[in-house]
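Here come two complexes built around chain A, the first alongside chain B, the second alongside chain C.
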Partner chain A sequence: MKVRIKGWTGVATWRWVANDDSCGICRMPFDGCCSDCRLPGDDCPLVWGCCSHCFHIHCIMKWLQSQQLHQQCPMCRQEWKFKE
Partner chain B sequence: MLFTCSILPISYSSRVRMSLKPREVNFEEVWGGLLETVQQVVTMGCIKRTVWNERFSDVYSLCVAYPEPLAERLYWETKKLLESHVRDLYAKVSKQREENLLAEYHRFWIQFSKGTQYLNNLYSYLNSQHIQKQKFSDADLTYGSMQMDVSEQLLEIGELGLEIWQKEMITPLQCRLVGVLLAGIQQDRLGATTDAPTSTIRGVIHSFVDVNMYKKKATLQLYESVFEVELLSETGSFYRKEASSQLQGCNVSQYMERVIARLAEEELRATKFLPPSSHKRVVKEVQDRMVADHLSTVHAETSSMVTSERTRDLSNMYTLLRPVPSGLLQLVHHLKDHIKQQGLQAITSLKGDNIPAQFVESLLEVHKKYRTMISEVFHNDQQFVGALDKAFESVVNHRGNTKVICRSPELLARYCDSLLKKSTKGLNESEVDDKLGHSITIFKYIDDKDVYQKFYARMLAKRLIQQQSQSMDSEEAMINRLKQACGYEYTSKLHRMFTDMSVSSDLNHKFNEFLKNKPQELGINFSINVLQAGAWPLGQTTITPFAVPQELEKSVQTFESFYHKHFNGRKLTWLHHLCQGELKVSQSKRTYLITMSTFQMAMLLMFEKVDSLTCEELQTHTHLNDEQFSKFLQSLLDSKLLLTEAESLQGDSLQGDVGIQLNTEYTNKRTKFKISVAPQKEQQHETEQTHSAVEEDRKLYLQAAIVRIMKARKLLKHNLLIQEVISQSRARFAPQIPMIKKCIELLIDKQYLERTPNTTDEYSYVA
Partner chain C sequence: MAVQPSSSAVRALSLEYRGLQDEPVEGFCVKLLNEDNLFEWEVAIFGPPDTLYQGGYFKAHVKFPPDYPYSPPSVRFLTKVWHPNVYENGDLCISILHPPVDDPQSGELPCERWNPTQNVRTVLLSVISLLNEPNTYSPANVDASVMYRRWRDSKGKDKEYENIIRKQVLSSRGEAERDGVVVPLTQEDYCIKTKVKPDAEPVDMYDFYDDDYDIDDDDDGDDDDDELSENGEAWVGVTEIDDGDDSGNGES
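Right, the complex of A and B next:
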């Protein structure tokens, strides 16, 4: 018998891979969204810093804007840089 | 007679003779002339214009007479004159026999009332200069103390005339007048022609009102006390007799018809004879005597009329009972029971296939029937609409006994699924939309909206993943309907699923672009749905170990690396049990295009080189667990693509070295088809899973509600807490009290709450 796969539709789910369960700023789980958003997912993504700490993007932006002198990671006080 | 003269032309025309200066006047002389005219006026006799004009100056000259004004004397003389005139008239009227009484009274009344109006004009100087000054003002009457004696003050001449009429004519004559009037009305009720013409009866009745029209207060008092009271009691006794004689001769249905006719007649009669203030009272009296007094007789028939749906009778009954306080309760109650019974009957005896459609459509039919009935028969009365709603609530949420789960939410969701799925039912899109729109009617009655939501979400997920949706517009319209009924929160996950589909289609597009720049090709037509884990109702438990067939490995790996490059920090999990593919299978004679799941694909691919394998070999290669393995292998055996020598086809037998052969003789008339897994078992399993998922969600929801309430209240008694929780969750489901109690226990364990010390039934919030 000759069998050939003509087409295939895959199904996969995605979730965040973070080194913690919840955001250190808003304390909401990473599977959920930050406290200002209503829906988790693409609308409320996570970002990682070079120090490997990770937050909701909305949370860290708010934090960085509130800092006047140094842009520091709220967890480890290293200078905050977005990881590429 | 024709004169509504103003002062100006008179003084102008008589200037020659008359001066406005006060002068000495001989009262007897002037009054002698005036008296004659007054007599003419009140009998509506003939007066020459010049005479009439002169009389104005006579009144004036008397009022301003020198040295003493004679106004007072003029007033009393006029009064005396009017009194004796009315007494004369009374003598004439009272001499009449009953049949002429009304006509004669009416004739004199018209004459006199018109005459006094003219007289009032003639005396306008007296009225304005002497009488209005001593009258109480409106403010005095409205706000002043009640001690002011209205009867002592002088009246304007017109008013004086009317008062004299009341005292000298109506009072002595009222008994006879009323008697004759009532007799006339009685004749009219019996359908006989009245002795006096309608206009006379009406005129006499209205004279009781008109004679008091000048008063500022209690204008209708005379009419009401002299005539209306008598009329109402007469009406009452007439219809009391009428009602009991009618009830003996006919059944309730005929009786109602007659009462309605009687009411209409009586209303007409009221407009014919009576002043507007009486219309309602008379009709009310008839209603009381004919309906309210016999309420129990009418109510006794309600049940059978409702059961046999005699719309004409019901409509009559509604008309009659509506004005009676709480008269409709019985009818509403019976209707509710009847609808409930009809509804239950429609859904208890369902059998055969497509039960969801039967369930929903027969319910809708019943609903429509009674909705029309309520609008046609009961004029959309809120009480009846409410009864329909209550009846349907109990039908839709009916369970045989408390142990059984109510199936309505599931059936309704399945109904929607069957409409939205691609099928060959031949409904066009607008028909589907209509049906979905109607399903919302039933949806609104469902208590367990969360169960419906779960089922709906699962079926939507399946439709989206397996591309079975008939139309995305219909899907979206339906979700919007649910959103309208239950709010944003209720459908947010459903919306999220929609967004994931469009995100996925973008992703496929990008991936294909990405592949174009690669030297190697995947060899297959690859597409993917990447779903966000939390939003889709896909239990993680169903993920089973599986070895991806070699042919797919490359696609999977290429996509994974593409995805990780684009989306940092995300982990992909493949849901192979949901993936499906299309296989091109070439047997000796023909080529088939077969759609199947990845697990089935993996097994079938192994038969490319060999024609026979053992179960063990198949299972080791695919890494599937026992349950999944036998389930999917079974489906291939059922399709006859593969064969086995195993005797029984029960799940247990497909293991070890049981041989599986390729069916080299396979033929199928269709060249393009799909192999699915036995749906029956699947459905059963799915239902149970859904219900347990709902149970879990409810616990979380209740706990959240309890914490919310306690955070706001700090201290709360047990019963009040339960009540609040129930009212908060009503929009989603009807929580059971034991479950709430369990949740409270759980929260006490988790130290969100504690029992307030020294009390038995109070909780406090632990911050």
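Right, the complex of A and C next:
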């Protein structure tokens, strides 16, 4: 039997590679988005701190903005610095 | 309510509430004060075994702010609690419930304060350990603090503090009985053995594509978003009373 492929459709999946399943701040899964967003992915990315903890960018920004004095990681309370 | 609660607060709270129902934590149980409102919980804390508080049943209201978890909840005891860190009106004073502002007067380090990764579980576990180890540096109830220190420094010879606590614990047991709750008395009963869920399912890739491919096996009814109200009534982590066996004298 001969088969002729007339066309094909590629399907890809993606996941964030994080050391946890969900964001410690909003408690939503990393593969989803923060509670204020609708679409996961580039619209609601994850960010890592130098301490290696990670959060949805919107969640950690909201927390850091509410802290005038000490910008600390909410997980380990080390000074928060974005990992390059 | 002045500020409209954010949807993220509602989500975080419903996740926590459901989580505590699925996997109760030792030492306390929670329920919603009113089924429609996730922002006010009633919690009952069990006095830890081998402490003055053993057998005690302490009820409290936990109120969450509209921007939870960015701001801390507040805890107010309904049960009378004579404790250095509990105000006359029942309000609990503990650093984990204070926002991390710089306040050198308070004697609390910013690192001991609230942050958004704290949750009901961590807060209540802190409260349980605070019961038996009061913080006498910034007492909310100065008389209780002085009395506690006298008891501690006399190695229990000065019994005034101890007697008050024992009396309150005893009277709280009447309340437990009215609620149909057996307060665990031994370490063994106190620590709920967390059972491993048989179907700890990994993220099901199927779910991602359900929408795209219209696979019509959608009747497995796993829309678990609406279960809250069904169970909203039930206490979580409670051993049902079978009879009033250790009811004892619930007087004060």
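The rule is short, and it goes like this: the second predicted complex is superposed on the first by the 72 of 84 C-alpha atoms of A that agree within 3 Å, B and C clash if a C-alpha of one lies under 4 Å from a C-alpha of the other, contacts with A are read in each partner's own complex, and residues count from 1 in each chain.
Note that a residue touches a chain if its C-beta (ideal position, glycine included) is under 8 Å from a C-beta of that chain, and two chains touch if they have at least 3 such contacts.
All of these numbers come straight from a predicted model, not from anything done at the bench.
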Quiz item: After superposition on the shared chain, which partner residues are touched by A:Ala18: those of chain B (first), chain C (second), both, or neither?
Solution: first
Quiz prompt | First, second, both or neither for A:Leu46, with chain B first and chain C second | solution = first
Exercise. Check whether A:Gly10 is in contact with chain B, with chain C, with both or with neither, and answer first, second, both or neither.
Key: first
Exercise. Look at A:Ser35 in the shared chain and tell me whether it touches chain B only, chain C only, both, or neither; answer first, second, both or neither.
Key: second
Exercise. Considering only the touch criterion stated at the top, classify A:Arg27 as touching first (chain B), second (chain C), both, or neither.
Key: second
Exercise. Give one of first, second, both or neither to describe whether A:Met1 is in contact with chain B, with chain C, with both, or with none.
Key: first
Quiz prompt | Common interface residues of chain A - those touching chain B in one complex and chain C in the other | solution = 13, 31
Quiz item: Along chain A, where are the residues that touch chain B in the complex?
Solution: 1-18, 31-32, 38-42, 46, 48, 54, 83
Quiz item: Residues of chain B touching chain A in their complex?
Solution: 465, 467, 492, 496, 499-500, 503, 523-536, 538, 551-552, 555-556, 559, 563, 567-576, 578-587, 593, 598, 601, 604-605, 607-608, 611, 662, 664
Exercise. Quick one: which bits of chain A touch chain C in the complex? Just the residue numbers, please.
Key: 13, 24-29, 31, 34-36, 59, 62-63, 66-70, 72, 74-75, 77
Quiz item: Okay, in this complex, where on chain C does chain A touch?
Solution: 6-8, 11-12, 15-16, 69-70, 100-102, 110-111, 115-117, 119, 203, 205, 208
